[in-house]
Structure formats: C-alpha cells, structure tokens
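You will see two complexes here that share chain A, one where it goes with chain B and one where it goes with chain C.
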Partner chain A sequence: MEEAGKLSRYLYTVIVLFLVWIPLTASLDTQELEFGFILALTVGALTYPVFTTRGLANLHPKRVAYAIAYIPYFLWAMIVANLDVAYRVLHPARPIRPGIVHCKTILKTNPGKLGLANSITLTPGTITLDVDGDDYFIHWIWVPDEVLQAKSEDEHAEHASEAITRPFEKFLKVIFG
Partner chain B sequence: MLKRSLAIITLLIIGYWLAQGLAGVPFGQDKMLVGQYYLNHVEAQTGAINVVTAIVVNYRGFDTLGEVTVLFIASTGVAALLWGRKKKRTAKTEGSVVLTTGISLLFPFVLMFGGYIFIHGHLTPGGGFPGGATIATGFLLMYMAFISYEIPHGKFEVTEGLVGMGYVIVGLIGLAISGYFLFDWIWQTWHWGAGNIGRLFSGGFIPVIYTLIALKVGTELSGIIDNMLKEEVKE
Partner chain C sequence: MNVLSATGEALVLIGTFFYFLSTLGLIRMPDVYNRMQTSTKSATLGSLGVLVGTGFWAVGKGYSWAWIVQTLVVATFLLLTNPISAHALIRAAYKRGIPLWSGSVVDKYHEHLKKKEETVEEAPIEGDAE
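Here is the complex of A and B:
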C-alpha cells in the first residue's frame, strides 16, 4: 500500500481527532469547539506519522458505509458467540474440544490485521494468539471435524479460515484494504 | 520467625494507636471551618466551578509550584543517576503487529484525552497533573510497542523549561500587578471570563496554568520513562 501525501494524512488525523472531541465533550458550545479544533491541529501535527498511512483515502464513502454496516454485523456475531459459549459452560457434558488452528488472511494492511485479530478475539470461542504476516494462530474452543481431519496444512488452513476469518474479511477487506 | 512476629506485633500496636486517635474524629458530620469559606466564595473569587483545582492553583498556588519543583527535581535526579556515556534502547523484539498497530492508532487519542483533562481542570475532576500523566502514558505506550522509538529530546527539554518558566512568569505578572506572587490577574484584574462561568473560557488563570503544568508533567514523565528504559551500551 503506497503512502498518501503528508497533507492528506495530517488532515485525516485532524478530522478524526476533532470528530472524537465532540462526543468526548458532549457539547456544541463554540468555546469547546474552538479549543478542540486547536488541540486537534496540535495533536495531529505531533502524531499523524504514526496514525495513518493512507490519509484521506480512509474517508471514501464506500469504506465509511462498510465500517458503519460492520458494527451491527459484528455485534450480532458477538452475541451469538457469547450464547454459544454460555451453552458450553452450562451444558453438563461440557462439550469443548480446544485446539490451536492456523488461518490465512487476505488482508494486506496493518490496521486491517488488527481489526481482524480483535474481531476474532472478541467473538468468544476464538482467541488470536499470534499474527505473523498472513498467518493467524487461533485458539478455538471447538475444533470441528473437517479441520481435525484435514490431510495437509493448506487444507487445514483453508477450512479454519473459512469458519473463522472469512465472515469478517468480506467487510474488513473493503474498510482497510 | 521471631523477627516476623515482632514486626507483626509492632504493626498491630501502631494500628491500634492510630485507630484510637481517629476514633475521636466524628465521621460524616460537618466539621468544615475553612472548607465552608472555599465552597461559598469559590465562584466569585476565582471563576472556577471545581473547588479542588481552585484551591490547588489559586488559594494555595505555592504548594502546586512546590510540587512542580519536586517533579522537576525527580526527573533531573533520575537523569543524573542514570547518566551514562552511551545509552541506547536495547530491546530485541518488536511487538506483534496487533500491538504496534493498536498503539499507533491509540496514541493520538491518548494525547487528545490528556488535552481534554488539563483544559477542563476548572470544570471537571482532573487538571494539570492527571492530564500530564495521561500524555506521558501515550509516550510510554509508544516506547513499549516500538523497539526504536525515542521522544524528541531536544524539543521536550526546551518545552519543559519554557513551560516551567511560563508558570513562574504568570506568577510574577501577578506580583507586578497587585503585589503578591501568583495573584490571579486574569480573573481579578481583567475579569476575563466573568460572563460565562461554567463554560470553557473562564476560571481565571487556572486553565492557563494547568496547560503549562500538564505540558511540564507530560514532558518530564516521558523523560523519566526514556531514561529508565535505556541501557548502557558497551563498545
């Protein structure tokens, strides 16, 4: 991913910081807005080199729309997964079959990988242990049969990715690239 | 064993003695002597809503100047103790991509929230010291995630000195205007912000001083972190 220009990255940082300032102060008082703007300009100048590599391109309407759509999608996945874990905890036979599986991701950017790792961890039943390049090592509470019986490493990763990372990737691919 | 039992018995005696002393102090009853004065006059005299910061910066500003000095001495002391010819970060392994990216994304927000805390010192709980500590936390995060990260030393030291001087200068202007050090000239003489107590641009010189203190505390604690994380490198 090529880096955007300095100005674009700076402006993007300032815009994001200023947008965060408004709910933080929970006020549209002009004095609050004035100071928030100055603070966003200052903090942005200090931190934009680490904050973003793509700058204003992050604000592409398609990306923002997917990011907003991802919130309810992710929350629903989280609720379902939590109920699943609650079922496993309460079930007398305690149906767990834990194991560490290997997934491959199609995401290229670091923020995308972070988003995927956090999404995996926040949906109970799966925890990201390590991320190394394209490889994700995930602890799974119930490793299904097709992953256990996979003939090769590739087949194993294919099945595991299909179950764990693909559902998130279709959104994260658009949001983070 | 004997040493330990003696220590426990001594601690129990001290604890009982302290409890006996505190038993005479009524709990939950109005015992405010000076406190009532502060509560009654804080808005009119300082323009601040937050009584604690008004006391710390305005009524008893000398203590705060002393605390800032203590912190300055602490950071200078750490720097002096850990003085070495060649000091470098010697960490070997970079954090995982989750850690480094997460902290890159978090860092601006931590600084922004530090700014929020120190500028609202006269309105909400907080002020210069928590704000500065929050800002330093941001730099600590950067140090922990990236093996080669270093604060810009020159700029930090200059900022630290300038804002420390700024605090004293604000006090000296008060001395020139009214005859005593740390006199709140912005409120008492200019009546700046008198029309909008409770909004951001009010509170006399509390927000000004807290901005200076926060920058000073933030740069100083970051400097301490930097000093402590570096190790001596042998040629």
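Here is the complex of A and C:
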C-alpha cells in the first residue's frame, strides 16, 4: 500500500494525540486544551514516522463508522469468551481439548493483523501464538471435530479460519484495509 | 443509594468474580498454554469491570465526572495491551521448548517451523534474503 504524504500523516498523529489528551485530563478548560495542543504538535512531530503510514485516510467516515460498530460487537464476543472460560474452569470434568491450529487471513496491513491477533486473543477459547505473513498459529482450547478430522492442510486452515478469523475480518477489512 | 452507585457496585462485583475465575483457572489448567488462555481473558474483563465500575461508583458518590472518563482511558489502555503481553509470553514459552499438555490433539505450529527449516536448508540463498 502506498504511503500518504508527510503532512497528512503528521496531522493524523496530532489529531489522535489530542483526542487522547482530552479524556486524560478530563477537563475542557481553555488553558488545558491549549497546552495539550502544543504537546500534541511537539510529540506528533517526533513520532509520526512510526505511528502511521496512511495518514488522514484513516479518518474516512466509513472506517470510523465501522470502528465504532466494532466496539459493541467485540465487547459482546469478549463477554461470551469469559462465560466460556467460566464454564470450562468451574465444570468438574474440565472439558478441554487443546491444540495449535493454523489459520489464514485476508488482511494485508500490519495494524489490521495486530487488531485481528488482539481480537482473537480476547475471544472464546483462542489465543494467538504466532503470526507469520498470512499465517496465524492459534492455541485453541477446544478443537472441534471438523478441524481435527480435516483431510488436508488447506481444509484444516479453511475450517479453522471459518470459525476463528472470519467474524472479525469483515469489520477489520474495512477499518484497516 | 442512586442508580450510578448501584451500577458501579454491580460492575465491581462482576469484575471480582472474573478475577476469581482467573486465579482458579491458573490452578486447574494442566499446562502453561491453557493457563494463559484462562487467565488472560478473565483478568482483562475483570479489570474492565472493576475499573469502569469504580468510575461509576465514584460519580454516584458525588465525585467529579473526571473519574469515569479517566477510568475509561485506563480500561482502554489495558484492553489494548493485555493481549499483546499474553501473546509475547505464550510465544516465548513455545520458543523455549515448553511442551504442550499430553492431551493436546494437534500442533500445526511445530509442523510449520519444521517445514520452514527444511526449505531454508534446501535453498540457503532464499532463506538469507528473507
């Protein structure tokens, strides 16, 4: 993916830093805002090369809308994950059948892959072990039958991706490209 | 007792329950991978519940609104960083050679690493370029 211009990347960094500053101080006093803006300009100038490659294109309305819609979706998946953990921990027979499975992703950008790895770690029964290009290696606490009995490597990855990465990819594909 | 205080108390209670599950998971699970699995998830949601609950509770008790905004910032920070630390720990455990539990059914990562090693040995120039 092509890099955005320097000014666009710098402005995006300043906007994000300033948006973090406001809840950190939790005050709308003019003096606080002015100083926060100066700090955002300074820190942004020092750090924008490592922060973003796409600049203001990240603030496309469709991306922001999907990012906001992703929050409740993700929180719900997280609550389900914890109820799942509660069930496995409290059940006397301890119903676990762990294994490391192989998934493939369609995401291309690094922030997208990071977001997907984080989402996988916090959702039911899975934790990301390693990411290598398009390949995700995921420790699954209960490997289902169709993944376990897959004939070939491709079939295995297909079934595993269907269950683990697909639900998030439809959001992250739009948010991070 | 108003609604905000009650919500906050309920959230803190739920968060503590998940903290308890997290420690119980550490005791009951058989190997390091499953322990990371249970402890990461429960501890993250437990922290979220306790932090946001504290914010609500403080506002309900008559403290300033800044409480809830700032606890939300801390909660977001935890939510974004906790899975990364879990990933780093579990990956380090695997690279160090800690074995999976004997009941584990499949290990595709081992196969992948082996395959990669073989291709590097067969074509060393390509391997260096990577």
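Assume the second predicted complex is superposed on the first by the 176 of 177 C-alpha atoms of A that agree within 3 Å, B and C clash if a C-alpha of one lies under 4 Å from a C-alpha of the other, contacts with A are read in each partner's own complex, and residues count from 1 in each chain.
Here is the rule we go by: a residue touches a chain if its C-beta (ideal position, glycine included) is under 8 Å from a C-beta of that chain, and two chains touch if they have at least 3 such contacts.
Not measured: the values here are computed from a predicted model.
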**Request:** Return first, second, both or neither, reflecting whether A:117 touches chain B, chain C, both chains, or no partner chain.
**Result:** both
**Request:** In the overlay, answer first, second, both or neither for which of chain B and chain C A:13 touches.
**Result:** first
**Message:** Which partner chains sit in contact with A:35 here, chain B, chain C, both or neither? Use first/second/both/neither.
**Reply:** first
**Prompt:** Regarding the shared-chain residue A:130, is it in contact with chain B (first), chain C (second), both, or neither?
**Reply:** both
**Message:** With both complexes superposed on chain A, which partner does A:24 reach: first (chain B), second (chain C), both or neither?
**Reply:** both
**Request:** Answer with first, second, both or neither: which of chain B and chain C does A:55 touch in the superposed model?
**Result:** neither
**Prompt:** In this superposed model, does chain C or chain B come into contact with more residues of chain A?
**Reply:** C
**Message:** For A:43, using the defined touch cut-off, is the partner it touches chain B, chain C, both, or neither? Pick first, second, both or neither.
**Reply:** first
**Message:** Quick check on the output: what are the common chain A residues between the chain B footprint and the chain C footprint?
**Reply:** 20, 24, 117-118, 128, 130, 132
**Request:** Spell out the part of chain A that touches chain B in their complex, as residue ranges.
**Result:** 13, 16-17, 20-21, 24-25, 29, 31-32, 35, 39-40, 42-44, 46-48, 50-51, 110-111, 113-114, 117-118, 128, 130-132
**Prompt:** Can you list the residues on chain A that touch chain C in the complex?
**Reply:** 20, 23-24, 26-27, 78-79, 81-82, 85-86, 88-90, 94, 96-102, 117-118, 121-122, 125, 127-130, 132, 135, 137, 139, 141, 143, 147-148, 156
**Fill in**
Within the complex, chain A is touched by chain C residues 18, 21, 24-25, 28-31, 33-34, 36-38, 40-42, 44-45, 64-66, 69-70, 72-73, 79-80, 82-84, 86-87, 90-91, 94, 100-101, 103-110, 112
**Request:** Could you pull out which chain B residues touch chain A in their complex?
**Result:** 96-98, 100-102, 104-105, 107-109, 111-113, 115-116, 119, 142, 196, 199-201
